[in-house]
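By letter and in written order, the chains are A, B, C and D; residue numbering begins at 1 in each of them.
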Amino acid sequence: MTSYVSVIGPGDAATAEDVDHARRAGNLLARAGHVVITGGLNGVMEAAADGVRAAGGTALALLPGRNRDDASPGHSIVIPTGMGEMRNALVVRAADAILAIGGSWGTMSELSLALRTGVPVVALGGWEMPAPGVEEASSVEDAIRRIGRVLP
Amino acid sequence: MTSYVSVIGPGDAATAEDVDHARRAGNLLARAGHVVITGGLNGVMEAAADGVRAAGGTALALLPGRNRDDASPGHSIVIPTGMGEMRNALVVRAADAILAIGGSWGTMSELSLALRTGVPVVALGGWEMPAPGVEEASSVEDAIRRIGRVLP
Amino acid sequence: MTSYVSVIGPGDAATAEDVDHARRAGNLLARAGHVVITGGLNGVMEAAADGVRAAGGTALALLPGRNRDDASPGHSIVIPTGMGEMRNALVVRAADAILAIGGSWGTMSELSLALRTGVPVVALGGWEMPAPGVEEASSVEDAIRRIGRVLP
Amino acid sequence: MTSYVSVIGPGDAATAEDVDHARRAGNLLARAGHVVITGGLNGVMEAAADGVRAAGGTALALLPGRNRDDASPGHSIVIPTGMGEMRNALVVRAADAILAIGGSWGTMSELSLALRTGVPVVALGGWEMPAPGVEEASSVEDAIRRIGRVLP
């Protein structure tokens, strides 16, 4: 059965390293046959989708707004939810596992909701966690291995 | 650019004719290159997805519940929204056009919301409409032609 | 226990009769001790809230947008949902019973969702219904009596 | 104009001190004329509502489930959203300011979303924050003063 992995992380505030990590992670997740879900915009979301596209995989954008054209180009399926940042809850709910790359308050809101609702979270880089629950990866390859182990 | 068509209609209350129409409509929409969205369950939703799958297209399920396994098998991408019948609003919002096949109160809720928010609706069979706004098709082929004309 | 009645109906398209009915209905519902919920805007929503306020009751607005100031003035509690027309599903879900006054596609979307999910609907004026399920009232007083009978 | 303050914090995981803080905070917020919003359940949510009720104020519950009876008794208005933990986004969106008491992943998800969307957050106790943005209060009285300064 296909698994779904949401790749979350900062948009405007993504670092060059976050973007590099996200592109490679998206690529590896797609090669492993997983559907990748993102919030559809720039930064980590865009880079993950670009990596998926390069592998010929499926990247699904769950946009906050109502305009499909807002999605960054790597996404092959685009859902404009019109729910604003409430769409973060859909990004979490639709996932079998979460890969968090880099840190921001938006990322933190998704990661926290995932831990609250029992969706496994692997993190690469980003903020120090205020409590246990997240698996911290040491590299993109380590992150993908850890994601593979928590998928159904 | 890919267009998205939501095929809506009754689940348990679908007639044999609704199911036949939905399967053929899903097939023709997929052959025309459109992504087909449904509410993910049985009846018209299941038949439309089966038609899409037979054409090798993409059928996206927006499920009311949280369990991905609830989707009928023709769907290639499954999003468990956990929003209950509130997901009807997502089915409408994600669509460039709506094809309604058969009648039920759930179908009516989606069709009405589409007309309220400016999403074009083509109907095949189903209930008599209480006000103008819906394009009534005379056959599956006529419905697909009409959908084609209202897509962006 | 307090009961919750959602008064639904057209905004811009409300007739003078709809507005008069809504004001009197809001007033009687508040006198009976019910909390009145509306979509928070003009027309039937505004008039129902005005009637509630004149009785010293509670009118709760569930606004589609993010700006609390968009609510019409009779509402004593205002929730800006930011969900757009998806908030119609909250208006229905929050209600023990629905009173529909007048007709529009937005009204139809709420009324249909109510019937789909088992929330009783009483209608006063408005569109002809495409299927059974709605109790049709002959006057404001008759509507309030019928609402009283279906409340928990 | 009435202001709306969401009091957020752990349910089952609330400490005795969190509960004491929440009750006193709810009481002071109600005395100041604010509407208090909570997630409607136990722990900090229940205690805040109890404090509001003792002051004769309005405590609004935004429940995750569909059953109005799940709300703890201090709430005077209860909205069963049926959205699950997605209702956290409504708790944030409906607020002019957030008072976070104690720490949990659910609390963190709301607080993070507030900072992401520009809703001011004052915290009393709870987890160490991973980034700046939250005002840390030293007592219930200090928290209420800080809330008063950020309200519109």
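The definition used in the following text is that a residue touches a chain if its C-beta (ideal position, glycine included) is under 8 Å from a C-beta of that chain, and two chains touch if they have at least 3 such contacts.
This structure is a prediction, so every number in the text was calculated from the model and none was measured.
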item	value
Any chain in contact with chain B as well as chain C	A, D
Chain located farthest away, centre of chain A as origin (C-alpha)	C
Centre-of-Cα separation between chain D and chain C, whole angstrom	28
Separation of mean Cα positions, chain D and chain B [Å, integer]	40
Multi-chain contact sites of chain C, meaning residues that touch two or more partners	66, 82-84, 86, 90, 93
Touching residues on chain C, where the partner in the complex is chain B	83-86, 88-90, 93, 103-106, 108-110, 112-113, 115-117, 127-131, 133
Contact footprint of chain D on chain C as seen in their complex	4, 35, 58, 60, 66, 68, 77, 79-82, 90, 93-94
Residues of chain B that touch chain D when the two form their complex	66, 82-84, 86
